[in-house]
Amino acid sequence: MTIRTLVWGENIHERINEVVRDIYPDGMHKTIADALNRDDAITAETATLQEPEHGLTEARLKETDVLVWWGHKDHGAVDDAVVERVAARVHEGMGLIVLHSGHFAKIFKRLMGTPCALKWREAGERERVWTVNPGHPIAAGIPENFVLENEEMYGEFFSVPEPLETVFISWFSGGEVFRSGLTWRRGAGNIFYFRPGHETYPTYHDETVQQVIRNAVRWAYRPAPALTGIHTAPNVPVGEALEPITERGPKLHKAGEAGYK
Amino acid sequence: MTIRTLVWGENIHERINEVVRDIYPDGMHKTIADALNRDDAITAETATLQEPEHGLTEARLKETDVLVWWGHKDHGAVDDAVVERVAARVHEGMGLIVLHSGHFAKIFKRLMGTPCALKWREAGERERVWTVNPGHPIAAGIPENFVLENEEMYGEFFSVPEPLETVFISWFSGGEVFRSGLTWRRGAGNIFYFRPGHETYPTYHDETVQQVIRNAVRWAYRPAPALTGIHTAPNVPVGEALEPITERGPKLHKAGEAGYK
Amino acid sequence: MTIRTLVWGENIHERINEVVRDIYPDGMHKTIADALNRDDAITAETATLQEPEHGLTEARLKETDVLVWWGHKDHGAVDDAVVERVAARVHEGMGLIVLHSGHFAKIFKRLMGTPCALKWREAGERERVWTVNPGHPIAAGIPENFVLENEEMYGEFFSVPEPLETVFISWFSGGEVFRSGLTWRRGAGNIFYFRPGHETYPTYHDETVQQVIRNAVRWAYRPAPALTGIHTAPNVPVGEALEPITERGPKLHKAGEAGYK
Amino acid sequence: MTIRTLVWGENIHERINEVVRDIYPDGMHKTIADALNRDDAITAETATLQEPEHGLTEARLKETDVLVWWGHKDHGAVDDAVVERVAARVHEGMGLIVLHSGHFAKIFKRLMGTPCALKWREAGERERVWTVNPGHPIAAGIPENFVLENEEMYGEFFSVPEPLETVFISWFSGGEVFRSGLTWRRGAGNIFYFRPGHETYPTYHDETVQQVIRNAVRWAYRPAPALTGIHTAPNVPVGEALEPITERGPKLHKAGEAGYK
């Protein structure tokens, strides 16, 4: 088993903000990819906003099993056509891990169908992440709670659809809570949102955070062939019905005609 | 209690197809609205594709508690700005009932985040709708199964997100099954998809189908004030934290600066 | 509409512990029932552990739409036959609201199928309850968060099944979080667990807590007739099949024979 | 990876009914275990009702990762203490696959908390199993539908809790539908119910049925250590709070005292 993983980074603050550059000299995507490559089952590469087609060409996505997404400052710069392309691949079964400020990424809002808004405060306060679903594969080996001494606060209401399962919930010093680890499936694609990761703190160097993301990549991986048929609404001709039926009543469509879209 | 309901109809086949016009001389939307108005708790009006802004102006949506949607032949003609406006109102708490071929309506795909595709066959075959969640409010008074003697077949895989609850499942003579009654919430808005209703059959004259839609409108209704704050991601200043905290560590944002979107 | 509600109280600490008696001189059940009766749609009475059959006779349960349950010190004293009787009524459609230490009540464990365990600490610390599902009927009129200045802490992992929806999550001064408002359906019966309510604090005198419980009673109410058939597994004779079929192959059961249980 | 799997068979009809014995001369459990052993990742053994403690001793369960359950004629003969032992292991993370008439097994009803009733008809009619969740691991390699030419009919309402996900739905010649593949988690244990498998038909010799069960065993497998702490509700002493707090207000419990159960 080799899970072909692509870590997508917006790659802006790492270049223009000294604090972020000091923590992630090769970019946050590189740190995350390195953490993933510590798992023998995962082969992780990177792509960034600045590459042609943001590094997310049709060919590359076809060879990607799981996509990890970090963006913040310039969600609007991601081309809509690329967003649709990524969405189509998720529907076909590519896994998607959305990190932190990626809650406002076009691709996440596109797949959730909701505002994906939340409250926030940048004060370097303490975050305690609690495991509320210890049987879930993403929680494997993760303690019942772990601390990130300095993090940005995200607070409820987090306007996403009710998840399949809630895996983590965060406690903040300032009095807020947040559903920090949530799962969904869209089409055949598994999606995981994981909250921590503000760029001015060394969150992605944290061993437990890295383990969560590795677990998430393994969980999101779908080894079955791409469900390419998911995009079509095929007509089943009467003559090919599984049980013999006789056509009755008036019809809109002529034989062989495509449906409306 | 008065549930202000708006039944939106594409209103094309009723005008250009003789078979459909004979069944629904005033349009499908009118038949559905009449059925809803039989419930004292509901006041239903209609709107159509052909009206300015498709009859879905900001003012009218603001006064709508539940929107019922039927479209088929020309989903593409619905203006994208109107779709976003309807989506915003659903997020704020307006209920949405999507009927039959509305599975491919822009607003439904927008809120689901998936292709919403399925199989289909127009052969006037028998559909049996089974109640698989008799405790659900939408199933109130609905028998354990009911028959629509002539219907279009819709078959799985129906590529929508796993619902909050499955209320109805259909059996078709030709051998297919379909999840015919599904619920979701997006933001504060309740959404129900109900399968039956091909325009060449008198489905919306059926008493049980009408009862399901009346139940769905009551279920989708949210009497609380619109959740207008759902569209924003407000900053919580450190000085206004619920618990006293001290700002620590480096920051991206200056005091009072808005977040990225 | 009148929702016939029964508030069941263990009624032990109110009698033997001076602190609790001072806060709830007529018992916690009486305070809760009074709060419910402030809603014109609700008629609430009380029952206690000490009454014959714990006040939960077959006849009384038949006339109960929603049962509210508070117990703590002597869950084991509740008769198993009564527990099964209550479970049967929930399956038929009676709503059930389980409060605080009722997480370990026999009836709750019976309906959840899990240990329903959690962490706890009795230190009078601050609890902030956050609304994480503002569109849910139980959250109607409830602010985005509210404070209980002194409460017992309950911490995760709360070993209950993944809920249909998570409505509230609590933050505690000591660093824990807890899923404080959760919904399930079992058979036709709606179930809501609500965390606050340690007996040495005046929690059930809190206006917001009272509103949550009133909302929960309204939400749990199922006006449809009791689903009494839910307890049987009826045979459908071949001659009564909905579609004509011919009996084929070997059989275990003779015609008219009941199934195994 | 080796998934230690135990296939539990009631082993009654295979011995007393000639038809069943002819199809499963070594018992249904043996046929199922053989099918599982064709997967290199699985090591399957068997246990039966007639063995001491039904073959489900504490020691054996401790070494079991996934338990597969088939019973029908004598659910009542399974010892209640063994049922509780199995439930405890599921809560700790052992997977459980319940087959066909096992819907009425004590262990399934215990974990679901509902009647688990359904309709049935033994007429050897045709069953078509439809995949309604092709992205789910249990559907890997399973076609969009497959046929079992002779099966017992199970019809809705199947009184189980709303599942985490619905994977398969069956169509029957006689006009019924049934949710045939459903998932839940209870504690840390994954549970899958799979409908087909009436003993008078050769269902467990079917290649696709075998593949579904192999997939289910792989899906239900939880490699993490047993979550043995799930059975307790530990007190967190004030002095060990994660955040410093001061004890306030009246208390019920003395320091170090255990909670009520």
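For clarity, chains are labelled A, B, C and D in written order, and residue numbers in each chain start from 1.
Methods note: contacts are C-beta pairs under 8 Å (C-beta built on N, C-alpha and C of every residue); 3 or more make two chains touch, one makes a residue touch a chain.
These numbers come from a predicted model, not from an experiment.
Rotation angle, subunit A onto subunit D, C-alpha superposition: 180 degrees, expressed as a multiple of 5. Where subunit B touches subunit C, the two copies mostly use the same residue numbers: shared numbers make up over half of all numbers in play. Centroid distances built from C-alpha atoms place C farthest away from subunit A. Mean C-alpha positions place subunit B and subunit C at a centre distance of 31 Å. Subunit D has its Cα centroid 36 Å from the Cα centroid of subunit B.
With each centre defined as the average position of its C-alpha atoms, the distance from subunit C to subunit D rounds to 26 Å.
Shared interface positions of subunit B, defined as residues touching 2 or more other chains, are 128, 133-134, 145, 155, 157, 162, 164-165, 173, 175-176, 185, 187, 230, 242-243.
If you draw each protein chain as a dot and join the dots that touch, every dot ends up joined to every other dot.
Contact residues on subunit D toward subunit C in their complex (touch as defined above): 13, 17, 19, 72-76, 87, 91, 101, 104, 110-115, 117-125, 150, 153, 155, 157, 159, 161-162, 164, 173-176, 184-187, 198-201, 230-238, 241-243, 245-253, 259-261.
Remark: subunit A residues 128, 130-134, 144-145, 155-158, 162, 164-166, 169-172, 175-177, 179 touch subunit C in the complex. Subunit A contributes residues 93, 128, 133-137, 139-141, 145, 164-165, 173, 185, 187-190, 222-224, 227, 230, 242-243 to its touches with subunit D in the complex.
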